[in-house]
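Each chain carries a letter (A, B, C, D, E, F and G) given by its place in the written order, and its residues are counted from 1.
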């Protein structure tokens, strides 16, 4: 699918979609969205990038191997649960902090990191699948 | 009837009308997807179905007042595009094989009047 | 505990196992001479047990043990009374000689250490078996003897016959063992009797119990298989594939006696009923006569001895079955005598084999000069076996005829069997013990020679023991036979029979037996041919039957397995789904949990439209003959489901469903890109009908049950909780998301693990490949920074 | 740190602490209570970590083996804690039961957990020697850890839906292991395994959906309490039977056992070993947990069905074992026979009426007055014992077969041979495992079999006792044949194996001869220790399984660990 | 420079989409945008300036033409007798850069009666499917004098 | 007052949008070949969905929602021509011919070697692919 | 609504079963997707259909305003969707690889794990 037209637009579409995916991830706690959907959107973004520009650029874009991203996500999710053990709470108990940054209140919490972990896992695993399939297709 | 009442009534009526139209659109689109006859036709049908569904979501959001459904619509925009791209890619790749070129020819035959889908 | 400390008992029980552990090492260091130090173990056990004899002969019963598995109410406990002690003495005493004999017999054999280990393991098991009190303890040892004999019979494992013999022994004795286990468990669970001591104390109650018949039959299955009663006897001759020391030990003195031990042991509790006095003598008599005839037919002296063992076991079972005090005494006398002479004769057979390199009776003769000590030992044993005075065999035979001398058809029949059997065994004894040593030595035998001390000492001692026992019969009875018989009868008995013949009916019958035996000996060649001809005419025997049964079993297993596991996924799936449908409808019909007839649903028109869209998506997926249409229709129904979720207030679900459904269709397309699949996709009508029936049943069943559940009142406590605290504590307005990352975060943790593993599994699937022609492709390298 | 942050938060209402007291378990958690979550954390962290280092194939073992040791150590610690203090519960997220997900471990769970950790360690050590670098690169250890995470989660969770999730985790992990290597027969086997198991888990999910519809809760303890209050509810009955069907499929019970003989012989031996030991047993565990503990009344209603399932499964397994000419496929059927034996212990009714008839004949002798409850206790204890034994022994058998196949270059009974002569230690171990799997004393399989036969006899089901014994007999035959043909018999000469056999290419997944060194014997010896310890001195284990069975039959301790003493 | 511009656009879009008009959110959006752009660093080598200024006017044109286009399609589809003379035109391109070609192609697609199908490999020809090919040269002239001219004017 | 007018405007947009969507659907049903249908799909379809989202933006209860609806419109407009182009190119490359009523085809027929090879046309895309299954 | 949903579940399940019992893996894959959807709708229905207000707490409140749709089944279904999607992806690639290597998608023709021409096991000892 390497038409000039698609190839020109795809990178921008991809970054737009990645941005949107992060948005969906971060607002998931309060409105529709969350790590899984965010991850799927991000993976779709890379999928489009891959279809337009090939697997190589996608791999370089992600820098890490997608499966490592997924593993890091799982690790992050698990560790965000472990955090509550440090304060002698039950596993996965949500810990919240609301620091003021530049005058606005920002919510930082273990459930947020958990959701980011979900995002990374989905992004990594689904991209890995898509890239693996795509690679098979284009060699 | 003041303007407000009219606006409200008109809006409600418009929504009902829109739902009717969109249901018809669903029906027509599905018909095209089922009829085919070629794969691009069906993919096109799915693309339109995505658009109709986006519209449907918007109308339901208006109707129910839960405007947060717009997020669902956005998601559908994104993956709808992905689906079309992937299918285009699929069509392109399947053109590679001799075997499938036969299918493509058969598809064109079908377009020229033969019934779609049913071939030995 | 007086006569024997419990500690000593445990030591006696443990010594053989200790020796088994040490044997490989000692053998590596000392070679065949390891037999001497190793023989200390059974000898020591013998003396420890002998220490109990005074008490036991005074009628004491020594019990010792401890709670082994209190959770299962199982004790590791032992009982030393006359029966078990004398058995123990036989096992350890003959065992000592066998160990010495093995040292010489297998001298230089590369697996001699292993052999010693096995034989000690067996000895320990056998000793435990006879001493055990708790039924489960007994059974464990019982099965251990089966296992160890499997290893011993298969010792020469490079020969198929040895492997066959081992399997046959394991199958038959193991199978009987399972019946015995069932019998023990029935006794244990339904009567509450846990040990031999308790069983013996509750004999009357047991005999009156409705469970008597099953218990008896199960116990007899165990005893008969182990003691080689017809038709389970086939394993015994085939077990002769084992090295001769094994035959001498297992198949004469010990293992085959385990069944006899069990019958003697249970006699006070289960004996003296019509069933007992019918089944046992019947099996015993048939086994006696058939075994003796087959002994005559055999040409291999070891096989001859094996069949005489079968016959002897039959005789013993017959006597125990008769069950009178005299009969039990006779059985006890015969049992001890048999252990001595048969053990000796087997060792003689081994020595002959060792010296002449053949065991074929036709090819043997004139060895007496070259092997005088062996000849002497052989004659001592044979005379005892033939019931000639002054040997212990004579005492036994006299007592046997005493026990049967009643003018009653039942006894007459048994008496005839006994006479015929004894005469045949008399002949067999001399065929083995006399014929190889006298006459002309065939040309085929080169340099026959006497074996080493360890080879001939065993049979000689056993032969002499048979003589000494009879000569000093009072002590013999006092120490051994009376305690044993008392235990087996269940009451104190007196035995007075001596080596000096008294002129009575028994003696007359004894003489008649001898005369008949001599006749048979002289006619043995002709008789052998006759029996062989008869057997050839019959053309079938239990041994052949065993093979047929095994093959039949395997063939049947193959047929059944092929039927149940045909290798077709569609059939597996159909059966699986059919079972699931049955699992749904069965209880639904049984309990009548059908839904009430619902009112006509009131939906908005666009809701109907969405459901119509769902249907419009489903139908082509099912019916399309074109795969691509089916795949795209899949997208339609997915959209419809997503819209349903949205209409019902589940935006997250709807969002996800749209994404997932589209991605599913997309990756389906990506994967299909390369598949040169034909687009057309037809399904035979029969298939369609079968699938359709399953589909309609599954759909309607699950749908109806769902409806009936939806009609029940609902407990919404959980969701109320989530709603109340979602924002207040978990700081999230999207309750669904809060459930996912907080309330039920662990679900999500598992879920992402699934996603991650899926990614990896797909990678592995795609990257590791074996080409269509089985070519291995190189390990692909990924080029990522 | 956390309290600090919360105090400064403006959006938190002043009554937050009150709300928390209302909704959450606020008491600090004792350090030892964390044990309940550690098995999963270890599995996930090591799995993810190994995935990140998957390209460093040579270093993976240095990471994986300590991980497995740690996992086993934690599992043992959990067992010891349960033995000392009884069941305990941790509420994930700190939410009060039944709202959050409860992790509850009782004796049964702890036993399964510890034994699964044990065999995982054995398989891990074995895998270091036997798994190729390509297979490591494509995730052998991550798959294994994640699968163990699923297995551990299934044993620990006290929430039905969460159990479904762990089922899926272990299932997908097993998929990964199953296809690793991509041999053609693997692909075929995996197709059957995957589709059929997918149907099984989906049925589980369906039943869970219905369950939620009926009870409105997913917490097992909560369900147990609510179900006890319901009298003969038809929906509960249906749900119970659906769970029975679904978990029978997971456990490979007849007639839902197709997937097992179709697939277990296709992956690497060590993978088969891990599967044979664990996967089906998780199904058994869940069946005990869900059907016996949560729905005792419904269970009593279906005991005749379970008895039939058990009997037929035993026969199918034992006959199947006799019918095979390939050692691995033979072992597949032994797994099934073992499942049948285990199921026999679940076929005993809890209701007392059954024994009334039985009391008569043995009346005057019935010193040990047996009751049906006693039968169930004995049978369940036997089942759990047998399941633990089966986990270890089936793992051991596949591993031993793996070494044997690597030495002879084949796993066909017709082509293996000579191992008793060439590797007596291996052969001896094989013999021990074969006798153990046949249920002969003094090995681990004997005592549970005794318990099961006892229980079935007490419960007046002599035919089921007979089935147990007959299947044991057939297994003995099969075992003896294995030993005679593959170990005793001299290796067939190349010339002998002419004709059709020589023409056939070696089994594609048969490992190269002599692949494994003596490293592979280490796990085997470890497994042997269990087989002998549980056979010669079974009391330690019998006491534990008895306690486990008692905890299932009367789950009061389980329930109070979730809800506290006041219900 | 262009990257910075696009990054700013992304940051603004973030603010718009997330609906929180604070400096912090803008900063955050900028960082996220930078990250997102980093991902595609290889492809982002556009070489035109002033896109921000021109983009808007082009966009308005776009919308208008699009509406007209949709209307024409609707009229045609709803007319009982669709008098179609469709076909594919080969339109010789004057615009050369990827971005220009892309823009033109997309605009053509959304304008009445035409739909870009492909660009030849040497980037000299744009193949356009048109509803009305009764006079191909007139149709090509329409494009040449309309959108292409506008784009050339704007970009050069 | 303004609110009511906005509501009426939104109502009009809703009607127009759904009408366009229906027309798009009718178009793909009525038009003769895939290329002409693409016109209908990419224009009427996009405009229909866009108008409905616009109506949503007008009546949304919060600015962020409205802005998101607008963002969705922009996204649709961005992707609709692209999708049409890709689909048309793919269909043509593989050999799906124009309908019989077509009067002109100036595009060269798909070259067999070029069909769907997706070979990188220029150096920029010549990213090395790992050679995996070539022995 | 429950009635119609039950009917929808029945239809989806029936279709899934119909496809799963096929010999063609591609068709079975389609069945897997339908099965997943059927189960999701089933759980949704089992959690009862109440008000259709999405379970999202409005910005100015700390608890939902009035009755809302039951959030728990939604969360369960989300988990189930993700899992069934993962399984679908895996099965799809498995099918793809199977087809590549075994050159068939007909399970009847895949006889490698359980070959057709199996002889009897050794009948000797």
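Quick note on the criterion: contacts are C-beta pairs under 8 Å (C-beta built on N, C-alpha and C of every residue); 3 or more make two chains touch, one makes a residue touch a chain.
Not measured: the values here are computed from a predicted model.
Nearest to the global CA centroid, when each chain is reduced to the mean of its CA atoms, is chain D. Using mean Cα coordinates as chain centres, the one most removed from subunit B is C.
Averaging Cα atoms per chain gives one point for each, and the point farthest from that of subunit G is the centre of C. Remark: subunit F and subunit G have CA centroids separated by 31 Å (rounded to whole angstrom). With centres defined as mean CA coordinates, subunit G is found 46 Å away from subunit C. Subunit F has its Cα centroid 11 Å from the Cα centroid of subunit B. One simple way to say how far apart two chains are is to compare their mean CA positions; for subunit C and subunit E this gives 84 Å.
Contact with two or more other chains is made by residues 20, 28, 42, 45-48, 52-54, 56, 62, 72, 76, 78-79, 82-83, 86-87, 89-90, 93-97, 101-102, 107, 110-111, 113-114, 120-121, 124-125 of subunit G. In subunit C, 160, 163, 167, 550, 554, 558, 565, 567, 569, 573, 577, 647, 649, 651-652, 655-656, 659-660, 663, 666-667, 670-674, 702, 706, 709-710, 714, 716, 718, 722, 724, 728-729, 731, 733-734, 740, 742-749, 751-758, 760-763, 765-767, 769-771, 782-783 are the positions where the chain touches two or more neighbouring chains simultaneously.
Counting partner chains per residue, subunit D shows two or more touched chains at residues 11, 13, 24, 44, 47-48, 51, 92-93, 103, 142, 161, 165, 168, 172, 175, 179, 182, 184, 191-192, 195, 199, 206, 210, 213, 261-262, 322-324, 481, 484. Considering their complex, residues 160, 163-164, 167, 550-551, 554-555, 558, 565, 567-570, 573-574, 577, 598-599, 601, 603, 607, 611, 614-615, 618, 621-622, 627, 630-631, 634, 637-638, 641, 644-645, 647-653, 656-657, 660-661, 663-664, 667-668, 671-672, 674-675, 677, 681, 683, 687, 690-692, 694-696, 698-700, 702-704, 706-707, 709-711, 714, 716, 718-719, 722-724, 726-728, 733-736, 739-740, 743-744, 747-748, 751-752, 754-755, 757-758, 761-762, 765-766, 769-772 of subunit C touch subunit G.
Contact residues of subunit A toward subunit C in the complex are 28-37, 40-41, 44, 47, 59-60, 63-67, 70-71, 73-74, 77-78, 81, 91-92, 94, 96, 107, 109, 111, 114-115, 117-118, 121-122, 124-126, 128-130, 132-137.
Of all residues in subunit E, those touching subunit A in their complex are 6, 10, 13-14, 17-18, 22-25, 27, 29, 32-33, 36-37, 39-44, 98-99, 101-102, 105-106, 116, 118-119, 123.
Chain contact summary for the complex, subunit C toward subunit A: residues 651-652, 655-656, 659-660, 663, 666-667, 670-671, 673-674, 729-734, 737-738, 740-742, 745-746, 748-749, 752-753, 755-756, 758-760, 762-763, 766-767, 782-785.
On subunit G, the positions that touch subunit D within their shared complex are 20, 25, 28, 32, 35-36, 39, 42-43, 45-48, 62, 72-73, 76, 79-80, 83-84, 86-87, 90-91, 94-95, 97-98, 101-102, 107, 110-114, 118-122, 124-125.
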